[in-house]
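Quick heads-up: structures coming right below.
Shared chain: subunit A. Partners: subunit B in the first complex, subunit C in the second.
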Partner chain A sequence: MSRDAIFSAFEHAAEQPLESARAWKQAHGTPVVGSFPMHFPGELAHAAGCLPVILQESQEPITVGHGMIYPFYCGYTRSVVDQACKGDYDFLDAIMFGDHCVQVLGAADVVRAKLPNTRVHFYQLISSMSDPWSLGRARETFLLLREGLEEMIGHPIADDAIHASIQLFNQNRALLRRLYDLRRAGTANITAKQMQLAVKSSMVMDKASHNALLQQLLDELESSSDRQQRGVRVYLSGHFCQAPKLGVLDLIEDCGGIVVDDDLYHGTRYISTDVSEQGDPISALAEWYLARNLKVPCPTRVDQNADWENYLLKAMENSNAQGMIVLMAKFCEPHMYYYPEIKEAFERHNMPHLLIETEHELTALEGLRTRIESFLEVVKRQANAQARRVAA
Partner chain B sequence: MKSSTAQYVMGIDFGSTTSKTVILDRAGNMVASAIAHKGSVSNDGAMVSMAEALQQAGITEADIARAVSTGYGRRMLDIADKSYTEITCHARGAVHLVPDARLVIDIGGQDSKVIAVDANGLVSQFAMNDRCAAGTGKFLEALARAVQVPLEEMGPMAMTAVEHLSISNMCATFAETEVVALLAEGKRKHDVLGAVHAAIASRTLGLIARVGKREPVVMTGGVAKNVAAVHHLEQVLGMKLRIPPDPQIAGALGAALFALDEITSPDHADEEDRVDTEMAAARCGTPTCTAKKPLPANVHPLHGPALH
Partner chain C sequence: MNALDALGASPVKANRLKTSSLNNKMVNDYWTDVFDAKKNGRLVCWYEGVAINPLMQAADIAWVHGEAWSALLAARNGEETAQTAAEGRGYMKELCSYARTHIGCGVMAQKRGAEASGSSFADALGANQLGERVPAPDMFISAYPYCSTGQQWDEMLFRLFGKKIPIFNISVPWVWGNKKDATYLGGAEFKEATAFMVRQLRECIKFIEEQTGKKYNWDKLSEIMHYTKRAGQLRMEAMDLCIAKPGPASFFDWTTSLAPVNFIPGGPAIVDYFEQVKAEIEQRIADGEGSVPNEKYRLFWDGIMNWNKIGWLANKFAGYGANMVAGRYTHMGFWHEWDPIDVKDPLEGMAINYLVCPINLSAPLMIEEIIKLCRKYEIDGVVLHAARTCRAFSNPQYLIADAVQKRLGLPVAMIEGDMVDESFYKDELVNSRVEAMLEAIDGRRRVGIAA
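Presenting the complex of A and B:
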């Protein structure tokens, strides 16, 4: 398959995740397990013979869901509720919900009420990550998840099956990280939209199929070298649950930015950390849960050893980014709590950054264009002035 | 057709409610400025302001060596060789008018901007209202209709307010409802308008807080001509604002200064264009390609979208 054909396949799955999962179920008879984003170990559902699908924000306007959830909840939770109310989740065999924030809790309650015939498993992962009991508590939660899935399929899940799934998922993460490496190095011109499609499709597609496509894509990209792009190198930060709208990503690049790295959930956050393929698989998953918060800190977790703003400054340096665009989902409380610290740290280090608050209902992009263009003009002009001062 | 040996440069601020044009000679002297009101992002308005400025200067389009556009409709003008955002242009224009400016408040028709400027006169930070029109020229226009007072009379009338009233500063639509309610309670128009202008100041203060208060503060844009808006802003800031003689043209002036850079300091301008050129070339044929139309074979322009 050509590069374009592979990205089209990614786009088909990423932009129509439920249709894609339904088709997979019909073709293979595989139960489909939906989950909230963030910390659900898809490996367990896969080992249970299911297709794990991370539920995505839909691009459809929110209508009937309005009556079930507050308008000041984030776009992701409102969209999930709306999809549940419209019957979009009826084909799911189970839904696994985690309690990542108050709004997700509210959405989970509505979905459970609207889907009385769907198996809903609610799990509560410890959010305090560096206590002596954190690992044990995380392991207990994952054991309960395993039991919930075993109850659903009617038989135990073998450790070997979990190991095999872990290996498959690790391969997927490693392949996606290679894609990031190519973009960071500038040897492959992968747009922000294409990168999102690659990662988002991984969240909803069968992992083995996704790995095969990724391998083909990497073979092609690694055997050639794209022409080096010029422009303002931009780092994207934020959006822990839903994918940023593709129009916003296109706009950033259309204005002259080149997205070189990110900490988005539909980006490096999802693929940052592998699970150990040795020993007790449930312990390995618990270790993964704690370790990934150190790799890419999450503002919904509390960890004495993780510092998001320092992580971002370091990540900017590693990717040679000139400016950071923060994409904050409107009403995302965890992000709002942390943002002042990030702003202060970036100002202290004289590192340009722009905050963009995103909404489910975001349609008019013209005002946003002015802000993004202005930001890129600021970065470019400041960099040029600095270069002239150094030259003088 | 523009000629690189021509003696003038043009800056056009194609705004959401008005269009402004400034013409400079090669020495940087302003030889013309014009403002046209023709409705929302009106191409007619831009044409009228350009024609008027050319007429004032006693020249034709052929005498323009470079034209730079800014404002909401900046990419819609074929005449422009290049465009910059209104943030960059207003800052440039304001610093030209008040060289030691450190903060620029620009309240235009569609949006409000607060721009921090560093010691080199470059933008260091900015904040801009997003979708909400509260605190913009549109906000004032909507409330002028509600109280049935001509826009230009609102400021002087608000300055005679006696009773301290309060209205929402969060939403133009809600504010209009509140204004109607206050009038229905029998409150005087003067006092209601005082509250309207205080709300604008309060809203702008929120934007200033995002970039940090610093002085001297320059105010540009049409609302800078409104005495009550300036008065209330000075009250909430606790400092005097510097208002250039013709605050509405600051953006167009900034655009004209960038055009002037291109013919007087081509090295610097070329440096920036090289970045744009490489980037645009690398994108040709991709979804992010911004190429607009093919060029005639005999045309070899130096700037802007015509690169393709």
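Presenting the complex of A and C:
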């Protein structure tokens, strides 16, 4: 398959996630288990012989959902509620989730109410990460999830099966990380949009199929050498549960930025950490859950040992990024809480950043263009001045 | 008479409970004590959420409850300075206004440096600098049920103070209640959640011991919980009496009676307070005196309180002849499950109360409790206050509205407001929605559906 064909396969899955999951179910008879984003491991559902699908914000306008959730909620939760109300989730065999953000909890209640015939189970993951019992509690939660899945399929899930799924998922993360390395190094021109499609499709596709596509893509990219792109090196931060709109990503590049790295959930956050393939798999998942937050700190958790702002400054350095664009989903409380920390740290380090609030309803891109252009201009000037200082 | 007729009438005043004012003194004494704590060699703990203050009281630690503090500032018109300070550091307006206000105080305290605690309450009040002068924390304890915003509020304070002040996190599990055996207060999930809470409370007491350097005084905790339990019981008994018609007290009275079961020290004074409240209610029933002059409608308030507007709202509803008899905030929390508290070994009973606070039950369990209250108090309509920056309370409101409409046939009014950010309150909308609901109640009566 050509590079373009692979990306369009990714695009198909990423942009029509429910469609593609439904088709997979039809073709393979696999039960489909939906989950909320951010922290839930798909490995267990996969080991149970199911297709795990991370429920995505849909691009559809919110209509019937208005009758079940207030407008002052983040686009992700409003969209999930809307999809549940529209019956889009009816084909799912189960929804199993356990995140902690208060808005997601609200959506969870509505989803359960709208799907009376579906298993809608909630396994709340501890969100305080540095307590002596955090690890044990995470383990208990994953054990409950395993039990719930076993109850659903009617038989126990063998440790070996979980190990195999872990291995497959680790491969997937490693392949995606290689893609990131190529982009960071500048030896492959991968647009921000393509990067998102590669990661997002992994959240909804069968992992083995996704791995095969990624492998082909990497083979091709690693054997050809793209010409080094020129532009302002931009780091993208923010957006948790929902993928940033592709139009916004295109716009950044259109204005002369090249996105070199990110901490997006539909990006680095999703692939940052592997699960140990040895020992008790449930303990391994619990350890993964805590380790992940030290790798890429998550603002939906509280963790005395993690500092998002320091992580970002370091990540900017590692990727030679010159400026950071923060994409904040409107009404996202965890993000609003941590933003001042980032703002202060970046100002202290004289590192430029631009905050963009995004909405489910497509933001007026033209207004955004001006802001991005002038930001990139500032970054460029600052970078040039710095280069001159170094030269002198 | 039509509901709208009330509009043109001269302003009606709600007949508020006289005893409520007794609690002003308690509140003042309490804050005076907090402001003097450091001078008296006591440590100060900042916390939010459920009433874990007995744990601190038994160790002679003073406590600042973030919501109580923010509500007090709003009541004394001092919230704006704090909110502006928070905004100045980049906290956005859509964040929980309680948190913003409290964090704003943290920002101001930081600017002032460590001597932030050197002022008496009266001086700070006089100088209109309450927000700035609230004693800085020596520790944080976070025990926020359900709401991630609550847990993060503590975390942000911890970070704001340079990660130097010890923090203890209690994770309160949400009661999802999906298993077949799940009932209110019952079932394996609830039992497990209670046990997990008790484990953490024990750890928290160890943390407190580390901070004070003293052995924990369990006898003192029992004594405090004895009074707390009794106050909880008296409050529930007094609220139960309000099934009387006309209702002798209103939701608004109960909101102003929360301090003694929320953050005032557990002792004889809080018991005494609720004895007096109960006596006043009994007297009112004997006299046929209601909390609104002419009770035509009995309403239920869902959602958190709008502290900037409490007197205003009480009068507004009184003007319609509408008695807000009960509410989720007041009737489904604050030691309302006093019975399971074993004062000799109170942690489990405390944990149960924390778990069933007004936001921590998932919608199906919560709705059953609301329906019970609507039946018990013979409610005619439900007002749902969508507090803009408190998604925890707003979350289940469409499900609640749907349930009371379908199962009890009750008209509802959804209104917008906030806890302590006045700018989110829209008076015209409130009027038109409430009036539409009262009209619907009238309509039902005309066709003989409702009582």
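Note that the second predicted complex is superposed on the first by the 383 of 392 C-alpha atoms of A that agree within 3 Å, B and C clash if a C-alpha of one lies under 4 Å from a C-alpha of the other, contacts with A are read in each partner's own complex, and residues count from 1 in each chain.
The definition used in the following text is that contacts are C-beta pairs under 8 Å (C-beta built on N, C-alpha and C of every residue); 3 or more make two chains touch, one makes a residue touch a chain.
Remember, it's a predicted structure, so these values are computed and weren't measured experimentally.
Superposition model on subunit A: subunit B and subunit C are shown accommodated side by side without a clash.
Legend: residue contacts after superposition of the two complexes on their common chain; A:Ala364 is shown touching subunit B, with no touch to subunit C. Contacts of A:Trp133 after superposition on the shared chain: subunit C is touched, whereas subunit B is not. Touch criterion met: A:Glu373 reaches subunit B, while subunit C stays clear of it.
Once chain A of one complex is fitted onto chain A of the other, the partner contacts of A:Val120 are limited to subunit C, with no touch recorded for subunit B.
In the superposition on chain A, A:Glu253 makes contact with subunit B only, while subunit C stays out of contact range. In the superposition on chain A, no contact is made by A:Phe240 with either subunit B or subunit C. Of the two partners subunit B and subunit C, more subunit A residues are in touch with C. After superposing the two complexes on chain A, the shortest C-alpha to C-alpha distance between subunit B and subunit C comes to 7 Å.
Touching of subunit A by both subunit B and subunit C, each in its own complex, is seen for no residue at all. Those residues of subunit A lying in contact with subunit C across their complex are 67-70, 72-73, 100-103, 105-106, 108-110, 112-113, 120-122, 124, 126-128, 131-133, 137, 299-300, 302, 304, 330-331, 333-334, 336-341, 343-344.
Note for the complex: subunit C touches subunit A at residues 89-92, 94-96, 142, 146-149, 151-156, 158-159, 163, 167, 169, 171, 173-174, 176, 178, 196, 199-200, 203, 362-364, 386, 388, 391-392, 394-399.
Remark: subunit B residues 72, 84-88, 110-111, 120, 122-126, 128, 130-131, 268, 271-272, 274-279, 281-283, 286-288, 290 touch subunit A in the complex. Contact residues on subunit A toward subunit B in their complex (touch as defined above): 189, 191, 193, 226-231, 250, 253-254, 256, 258, 357, 364, 366-368, 370-371, 373-375, 377-378, 380-382, 384-385, 388.
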